[in-house]
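Below are two complexes that have chain A in common, paired first with chain B and then with chain C.
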Partner chain A sequence: MRLNTEFMKETFWLALEGVPITLKITIIALFISIILGFILALVEIHRVRVATPIITAYVSLIRGTPQVLQILIVYSLIPSLLNAIVQKMEINFSVWDIEPIVYAYIVFTINTTALLTETFRSALLSIDKLQMEAALSVGLTPFWANVRIIFPQAFEAALPNICTTTVNLIKGTSLAFMMSVKEVTAIAKTQASYGYNFIESYLDIFVIYLILCLLVQGIFAIIEKQAQAHRKIVRSV
Partner chain B sequence: MLELKNIHKAFGKNEVLKGVDLKVNKGDVVAILGPSGSGKTTLLRTITFLEKADQGEIVLKDLNLDVQKATKKDITKLRKKTAFVFQNYGLFLNKTALQNVMEGLTIARKVPRAEAEKRAKEALDKVGLSDRYDYYPSQLSGGQQQRVGIARAIAVNPDVILFDEPTSALDPELVSGILDIIRSLAKEGSTMVVVTHEMAFAQDVATHVVFMDGGVIVEEGSSHEFFSHPKEERTKQFFSRFISTDNYII
Partner chain C sequence: MGSYRVFEPSFIWYAIGKILPYIGVTFAVVITTLIVSILFGALLARAKIRGKWGKVIADGYTAVFRCIPSIVLIYLVYYGLPQFVEHFTGVDINNWNKGIFIVLAFSLSFSAFISEIMRAAYDSVDAIQHEAALSIGLTETQAFWRIIFPQAVRFALPNIANIITSLMKEGALAYTIGLIDMMGAGKNIINMNYGSYTLETYLGLFIIYWVLTKTIEILFAQIEKQLSKGRKTIAG
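Right after this comes the complex of A and B.
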C-alpha cells in the first residue's frame, strides 16, 4: 500500500477551508445551548409543574437516540413539515431555499442543549446548600444569592463537562456532511471520491479534528485555571 | 428586642419545635443548651427563616412577623437586621475573606464600595485576620474561616448575631480563640444568641441560659441561678456529668 502524499497535501489544505464552517456550527450551537441548557436546568431543578417533566422527557429522548438518526429526522422532517405549513398558509416562501447549514444549527443545538441541561443540573445540585443559606443570611435576596454565589460556583463546576461536550460537538459536526453542509468531512469525502483516495482523506481530517479538539481543550484549561483561582493553594511562609 | 412567640416546626411527622417562646433583650447573650435533637439549632434557624416555622410569631424591634404570612420582602428585611454564624463556617467559596465580608454590605445593603471595604477590613482586623484579606476559604484553616464568618457577621452591625454551634467543627486548640472573640463581642454589648455545647463558656459569658429538650424550653434563667440551682429534674440530669467533672461549676 502506498499513500498518495501529493493528494494528501492538497486535500489537507482544501479540508482546512471547511474549518470555519465546522467552527461556525460548533460556536453557534454551543452558544445557544449554554444559555438554553442553563435555563432548562434551572427549570428542571425548581420542579415547575408542567415544564419540568417536559424537559426531563426531552433530555431522555435526545440522550436515548443516535445523533445520526436525529440528523436524518430533522433534515428530512423539518423541510417537509415547513413546506406543508407554508403551502397551507399560502405564504410565498420557498422552503427548499433554506441553506442546509441552518438544519445543522438546529440539530446540533437541540442535541447539545440536552447534554448541557444535564451538565448544569448536576453542577447546580453539587453546590452545598450552606452556600445559599449563608448568602441569604448576609441579606442577599434569592436572586442575588444565585447570581453572586451559586451560579459562578455551578458554572465552574460545569466547566470540565462543558469542555467534553464542546469537543464532542466538534467531532459530531463531521456528521453534517449528511445534510450536504460543506464542512471538513464533507470536503474530504468529496475529494476522496474522485480517485478513491479515502485513506489519505481520512488521515487528513483525522489530524484536523485532533488539532481542533486539542486547541479547544487548551482553551478550556486556561478558562478553568482562571475560574479556579480560589482553589490554588498558597503556601504561607 | 427579639421575641419568638409560640414557634412550631415539624419535619414531616417529626415535631421538632412544640411551641417555643423566647425573649432576648438588647445586650443579652443567650446560650441555648440541650442534648442533640432537642431542637435548638432548628429554633435558631427559624429566627431568620432558614427554616420556615409552621406557626408562630417573630418580632425584631419594629418588625413583627407572623410566620405564616411573612412575605419574601419581610424575610429579607429581617435577615438584614440579623447575622448568622454557621457551624461549618458557610463562607462563600468563590470569594476572598474580604469579599466574603463585603458581600452583605455592597450587594445586600448598598453600602458604597470604599466604605464597605473599610468596614470589612475593620471587622477582619478585629478578629485578627488583618493579614488574610485576599485569602480564599480553601487557603484558611478552620479557625480562620470561622473568624471570617464572625467578621462577616459583625461588619453589618446587626441587631442580633445568631451563632449555631460556632466551635463544634473546630479542633480543641482553636475553640478558645473563637470563644474569646465572642466573649469580647459580649463585653462590647453585642446582642447574641448562641447554640453551644461549651458549658464553661455558657456559664462564663451568657447572661441568660435556655435549656431545651424534646422541642420545648425545659428551663431558663440567668446564667448564675441556672448553673448553681437548676430546678427541673431533666436539667439537673443533663448537667450532672459536667458538675461531676468540673468542680468549679458548682
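Right after this comes the complex of A and C.
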C-alpha cells in the first residue's frame, strides 16, 4: 500500500467544493439557533405556564438522543407529513422537489437550538441579581436594564459554549450525507468507493475538518477578546 | 420513502421489544471504549501535567481529535486500518469483529476528551493538598492515590456522566459499518418490513436512548450527592 498522492490531491480539491455547503448549513443553523435559543432560554427562565415545561422537555429530548437518530426521524417524518398536508389541501406542489439541504437546515437548527437554549439558560442564570437591581436603581426601565446590562454579560458568558456548539455543529454536518446533501463527507465517500482509496479520501477530509474547526476556534478567540475588551477599560479606570 | 399509511403507535412498543435485547452490544461498545480511553487518556493527561515535549504532543493530539467528526474516524479506521495493516504485516484483519473497529475509532477521540477532563480535575485539587500529604510522610504514589485522586474524581463526576452519555449517543453511528447494536437492530426491523414502519422504529429507538441517557444522568447526580455529603461533614 502506497498512498496514491495523485488521487489524494484530486480528492482534496473535490472535497473542498463541499465546504461551502458545510458552511452554509452551519451558518444558517447557527444564526437561527442563536436567536431562537436565546428567546427560548428567556421563556424557560421566566416560568411561563405551558411554554416552559414544553421547552424543558424539548431540550431534554434533543440533548438525550443521538443526532443521527434525529436526522433519520426528521428525514422520514417531514417529507411524508408535508406530502399529506399538501394532498389534503390540494395544493399543486411536489414535496419531493424540495432540496435535501432544506431538511439539513431543519435538523441542525432543531438540534443546535436545544443546545444553545441550555447554554443561554445557564449563562443568564450566571448573572448576579445585583446587576439588575443596580441597573434599575440608576433609572433604567426593566427592558433597557435587560438589553443594556444583563444580555451583553450573558452573551459573553455563553461565548465559550457557543464556540463548542459551533465546532460540534460542523462535525455534525458530516452526517448530512444521510439526507443526500453533497457536503464534504458525501464527496469523500463517493470518491473513496470508486477505487477503494479509503485512506486517501478520509485523510483528505480529516484535514479539511481540522482546518475548519481550527478556523472557528480562532474566530471565537477573537470575538471573546473583543467582548472582554471593555472589561479592562472599566477596571483600569 | 413515505407510503400513505396511518401512523401505528403500537408498533413503537413492538420495536422497543425487538431492539432492547441488543442493549448489551451498545453498552459493550460504550464500556470497552471507556476503558481503552481512560487508559490512553491517563497517559495523555500525565503528559499534559508533567511532560515537556509530551505536553506539546498531548495538547496537539487533543486539539486535532476534538475537530474530527466521529463518522470520519469510523470510516478511516474501518476501511483504512485493514489496508494499512495488510501492507505492513500481511495480516488480513478485514474479518475482525466490527465492534473492534468501532472501539478503536471512538477511543481515538474520547481519550482526547477524557485526558482534558482528567487534567482539569487534577488542576482542581489545590497544590497545598499535595504538599500537606508529603509533609505527613506519604510517598508521591500514596499522596496521589489517597489524597489527590479521590478529590479529583468528585470534581470530574459531572464530566464523566457527560462523556458516557455522549459516547452512547455517538455510538449510534456504529450501524453505519454494519455493527448490530440497538441502531443496527432497528435498521433490521425497518428492512424486514420493507421500510413501512420506519418512523415507528426510529421513535422506539428515540425513547430507548432518551431513557438511557436520563438514567445515567440521574445516577451520576445521585453519586455526586453521596460524595458531597462526606465533604460537608469534614468541612463542618
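Keep in mind that, in the parts below, the second predicted complex is superposed on the first by the 229 of 237 C-alpha atoms of A that agree within 3 Å, B and C clash if a C-alpha of one lies under 4 Å from a C-alpha of the other, contacts with A are read in each partner's own complex, and residues count from 1 in each chain.
The rule is short, and it goes like this: a contact is a pair of C-beta atoms (placed from the backbone, for glycine too) under 8 Å apart; a residue touches a chain by one contact, two chains touch by 3 or more.
Note that the structure is predicted; figures quoted are calculated from it, not measured.
By the touch criterion defined above, A:Q131 lies against chain B but remains apart from chain C after alignment on the C-alpha atoms of chain A.
Between chain B and chain C, the partner in contact with more residues of chain A is C.
Shared-chain residue A:S60: touches chain C; no touch with chain B.
After overlaying the two complexes on the shared chain, residue contacts for A:L77 are found with chain C alone; chain B is out of touch. Once chain A of one complex is fitted onto chain A of the other, the partner contacts of A:W144 are limited to chain B, with no touch recorded for chain C. After overlaying the two complexes on the shared chain, residue contacts for A:P152 are found with chain B alone; chain C is out of touch.
In the superposed model, A:A51 makes contact with neither chain B nor chain C. Common to the chain B and chain C contact sets on chain A is no residue at all.
Contact residues on chain A toward chain C in their complex (touch as defined above): 1, 60-61, 63-69, 72-73, 76-77, 79-80, 83-84, 167, 170-172, 174-175, 185, 189, 192, 198-199, 202-203, 205-206, 209-210, 212-214. Interface residues of chain C facing chain A in the complex, by the touch rule stated above, are 1-2, 4, 63-64, 66-72, 75-76, 79-80, 83-84, 86-87, 165, 168-173, 183, 198-199, 202-203, 205-206, 209-210, 213-214. Chain B makes touch with chain A in their complex at residues 48, 50, 72, 76, 79-80, 82-84, 86, 88, 90-96, 103-104, 107-109, 135-139, 152, 156. Those residues of chain A that touch chain B in the shared complex are 130-131, 133-142, 144, 148-149, 152-153, 156, 229-234.
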